[in-house]
């Protein structure tokens, strides 16, 4: 079980309200990702749930019971930190065993769980090494191992992959997703990387300045961002936001169109522009186009290779159904 | 022409020396010779000047040394002989005991600034209250009896205060003269240590019993300064120590100045030697100094009759440096000072060349004038202090003293 | 970084420091070794020739030798234990949020600024004097017999004085180390259910091991050479004669340079044993 | 842990820390207080704490008796000079160890530290003879040099630990930018290491200031620093607590004041790379 | 001018040969990127060129002149470090001026160049700040500014963007590309991020264990990887490599097919498999499919959204012309 409910939870540091009162439900077994720009309060929210920070007001319920005043150790939550927070002077085995030792679990049970965790996480060969002798990815796995053995009601992850390099990050992302499938335990995951959020989450919580901008499944957010902030935040490359006359044509203050929803042609189209930089990835080409009124440069993503060069004139046509309209208040229209 | 000469003097930080520093300006005025003082605590001074003289470091033009060093250094040719002092200086006026102690082979190597022996200082008021009268030549047995009578823990008065502090010049000196007064000696004529002899056991046991019964708390760390302050605070019935203390216990800092009497240092009944020593702080010139003439000029000034008069004029007769000159004791003004006569008698009662009952191969009363003595005696006195503090028995202390002494003498090739 | 040019530059730039220290080590060492094989009695005619190993034999067989070694080690270990244990506790206390932290820190550092001589004099006279010392007043106030600290409890007293001087050093190093402890590690341990005590023993203390090593190393270097404190307070009496004090007595009080030099060589050997022992630990703990 | 700390807990911490802090500081405080008492008040039983007739008589006595100014100046010169000289020699050495490390770097470092373990009393005689030979006795330069040698290992070590925290890439950048070795050290490394150098200077200034064996044994009058000054106040005759306190206060006051004003750097300086 | 030639350059650290003897030509004005996994010797190679390390053997020529023994300062190269390596105690202005000061350039000329560089890099407002007061991207620009003012023969970059967050990275990538267009100076750029390599390079040098695996333009490498290593390294998600019977059908030891060159269908296709994790990015869906013999899991990239779930059965069809064939030695066939 691992249902977490935040009720009017508020957090102030001194006089600064980092999190205005906020409600949130995390269902049992769900993979919830908090995303948002740096400093928006993701970590703070996670730490409130963990009990590492006191709430200023409001209640946190875990599995229906009020946990607001419980110390972290009593909440049956496990946390994986960005810095891994492994104990550098203990072997991997001891690191993983630590929470069980603290709980006074008997040795046989400890050994069994360590063995299982190590097997699941491919750590069996490293059990006697110190964290310092492991690579970043292995350290991350040890941190996860340490969390798993406690069989917690929910896992909390604070940017667990941000210290890994690109290739490893992709791999670990998959491993965590698969772990979630296997354990079916609630996971709350903080990141500022929208790709991680999109690929891993059952439910994404987009935060800005401590306020929840939108909660929903990845595709909901991609398809119907509730406002310009979410629209710009979700999707890569970023959605092109166009203001001015072009937007007015759609009776909107701003319209948004994702790079992948624009046709490029060298002959004709709705808008005309000049190619700036064209980035050839092989599988795709990202073309940055200058000269479109209300949006400079406009980014377009073309599948495969498109042979355009710096300075070429191109024509663009947005796919009409995929135009997002926003009002002057930044909110989605209709 | 010496108009800008500067001499450097190493000296000890005791009262008379510090007072002299205050008058240095007068000397500089008279002679144009500037003086640099290096004032150090006694033990520091001793190791400092010894290093310098043995290595011919030449850092000092005048050193303040004592009776222990002077003959040894003089014999080594390290000191400039003071055999051509001016007529007006009047070398012959120096007390014979002092002059002998500061000479080697009849040549004077250091001029005494002040000299001392030891004597009993006691509280006349307490003595009276106890119904006793101090003879001028008491025995240890009487001292013990008087201590018992005056001891009054309720009033925080100890019957007697004596040195117990480790160090050859502190407790070491005192126990050596106490030994002398019990017929003990450091060495027999073949340089064999004598701490295994019964006289030492008697002396040490007597001392320890006396002090444990009537002495102050922690006497094992008390030296001259500690006892002086105890006595001045009225916490001692008797105190046997240096004669120079007399001017302090009768001086301004003393709360009992008006009730102090003096007597010769005691002896054990039936032993002819008394427990008094002989010491002088004297000024000597290391051989090889560039400023020999200026140094001599200073020594003549500082140990002259004029200097004594200068001090007398400014601070009173009680505060002049005592124990150096015969003329001082002939001065009618000085004879009025209560402790003058007793000081002179004590000095005269000490004979460095015949310190003990049984014959010894050495010179010196509270020390043995051989180079090894300072180190060895300090270690021995440390063992004794440990016995005073109750950390070992008198027998153990004596056995260790015996071992230390013989080890040292062997190392130095005497035996 | 490590090109041939920079390596040769490095050698040149190390040279002054290395040469100076080599000289500072070798010249006195060789002279000491030389003296140690000679009968050298400055007060009795100076250098009297070769004696072989006599001085060495005499120095170790002297009744004072082993007690001096024992005293040296007692002092060393006593001070190390006190400063480290109290240092850790104090560092933890000072790491807590409080009002006036800066001022408290100044108060705690202050003893480090006091010259050893001054500190010994002040403790000996103003505090430990059995008649007029503050402790004596205090003891009497509570109706107890004043203690003669420097005779009845000489070693503990000296350890106290020296510890007082070195506690600030230990505290500050440990404080900085504690402040460098990754707070996420502590939080992780907290999430793992570790109590305050467990967190201290399992997380904080191991983290401090490197700092403790440094404290031990630096303090050992200075403590082996402790001199002024003993000279001023007990003069080596009451079982406070350390090896370096014993050498002092041989060289300066007994004026036996040969014997003292042999003692000096022993002291160097002892220092090196301690050093090697330390380096073993330090080598492991220093990065 | 960033959890809210209750004021109650903070109050307990504060009280405990202040009590312990004052306890540790007390001997110094008491000495300073005693220096303003008369000799009689200094030993009075029960002791007087604050309510006595404050007098500066002890200070004037001490000032009269000794040339405090010269002792002070010598202390400043010797401590300052030896530290400065040490820094100048140590910076290149520490640069080498930190940025061009070799297998032997750690050995050399530990060897340097081990030279500090030579028992001073054991080598006094040889050193004294050498000093006579070179005419360096009672000479501030000679003493400065010796204290520099004594503290050099510590200086090298401290600078080494600071330099190691400076990323080598910055020095490489300077090299790419055309800086020679001298410019690299002068314009880039040294300014960057200023906080570390400051702490090193401070700590070694204190160590040199408090060094009491060589300063006492190798000087007479001209070069004698405050350690020699205080040696003349060690147990003179009579009651002397107040004067001793005054002299003690005068000996430690300059360094105490300096230390207090620079405690931040000092705290840093005392870390010896213990961090990380 | 900035032509760099490496002739049989070798580097050993002690006994370890990090770079076996290697030849490489970098032409004037070219943007050359070194890519390869961590520890493969990219930085070492760059540092050899810079003169920060000595070659063990071989020669380095710059513009035809032997530079092997020249100190770094004399090579007329400028370097931008991963950590920026700004001088923290100098203002931005002084940082940029430093190389000119070292060269003893006169003040007027210095000021002119600083002004130009600041304008080009949008740093004019920050000239009097210290590096510590700048954001990561601004610091990176200062580092570039410091390199530019020297008007070097070539720029060397060592992973200059790896300390920036995803969004900034994309922006700075563009800026460096544009700078290269403008200055037309030789640039040698080290990265382990293949996207950077693909988008920026004129010529990519793929390294593995100090050995050059392939040199070529981004699209050459994408289209005709010389061996399995390059094939796996270039392209994201990674090329699927299939061994066994399927490969044998094409007379190869291994065949490779990029995720974007596979059709997914729920009804029919060449291979049948089960959906593992499906990552929905909105613009694309990455589907990891299990059960394809010789390659587990196989990654497929489908444009837009594909509504498949964990456990669904799907059919895959590779696009035949885009199948890469490799021999038993790992080399490309034909």
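Letters A, B, C, D and E name the chains as they come in the text, with residue numbers starting at 1 for each one.
Here is the rule we use: contacts are C-beta pairs under 8 Å (C-beta built on N, C-alpha and C of every residue); 3 or more make two chains touch, one makes a residue touch a chain.
Given the structure is predicted, the values throughout are model-derived calculations rather than measurements.
*Asks:* Please identify each chain that touches chain B as well as chain D.
*Replies:* C
*Asks:* Which two chains have the most C-beta pairs in contact?
*Replies:* The chain pair with the largest number of C-beta contacts is C-D.
*Asks:* Quick check for the class: compute each chain's Cα centroid; which one is farthest from the centroid of chain E?
*Replies:* The most remote chain is B.
*Asks:* So what's the Cα centroid distance for chain B and chain C, whole Å?
*Replies:* Those two chain centres are 36 Å apart.
*Asks:* Give, as an integer number of Å, the spacing between the C-alpha centres of chain E and chain B.
*Replies:* Centre-to-centre distance between chain B and chain E: 90 Å.
*Asks:* From the mean C-alpha coordinate of chain C to that of chain E, what's the distance rounded to whole Å?
*Replies:* So the centre of chain C lies 55 Å away from the centre of chain E.
*Asks:* If I count partner chains per residue in chain A, which residues reach a count of at least 2?
*Replies:* 52
*Asks:* Counting only residues that touch at least two other chains, what does the list for chain B look like?
*Replies:* As it turns out, chain B has residues touching two or more other chains at 44, 51, 55, 229.
*Asks:* Quick check: what residues of chain D touch more than one other chain, meaning two or more?
*Replies:* 1-2, 43, 124-125, 129, 172, 231, 233-235, 240
*Asks:* Can you tell me which positions in chain C touch chain D when the two form their complex?
*Replies:* Going by the criterion above, the answer is residues 1-2, 6-7, 9-11, 13-14, 16-18, 20-21, 24-25, 27-29, 31-32, 35, 90, 93-94, 96-119, 121-123, 125-127, 132, 134, 137, 140-141, 164, 167-169, 172-177, 179-180, 183, 186-187, 190, 210-211, 214, 217-218, 221-222, 224-225, 227-228, 232, 243-245, 247-248, 251-252, 257, 260-261, 263-265, 267-268, 271-272, 274-275, 279, 282-283, 286.
*Asks:* Which part of chain B faces chain D closely enough to touch in the complex?
*Replies:* Interface residues on chain B, with respect to chain D: 8, 10, 13-15, 18, 21-22, 36-42, 44, 48, 51, 55-60, 223-225, 228-229, 232-233, 248, 253.
*Asks:* Residues of chain C touching chain B in their complex?
*Replies:* Those in contact with chain B are residues 39, 41-46, 58, 62-64, 129-132, 145-148, 150-152, 231, 234-239, 241, 248-250, 252-256, 259.
*Asks:* Applying the document's contact rule, which stretches of chain E touch chain A when the two form their complex?
*Replies:* 37-38, 162, 165-166, 170, 174, 177-178, 181, 192-193, 195, 198-199, 218-219, 222-223, 234-237, 258-260, 276-277, 279-284, 286, 288, 301, 303-305, 310
*Asks:* Can you tell me which positions in chain D touch chain B when the two form their complex?
*Replies:* Checking each residue of chain D against chain B gives 39, 43, 64-66, 124-125, 128-129, 131-132, 137-138, 216-217, 220-222, 224, 228, 231-240.
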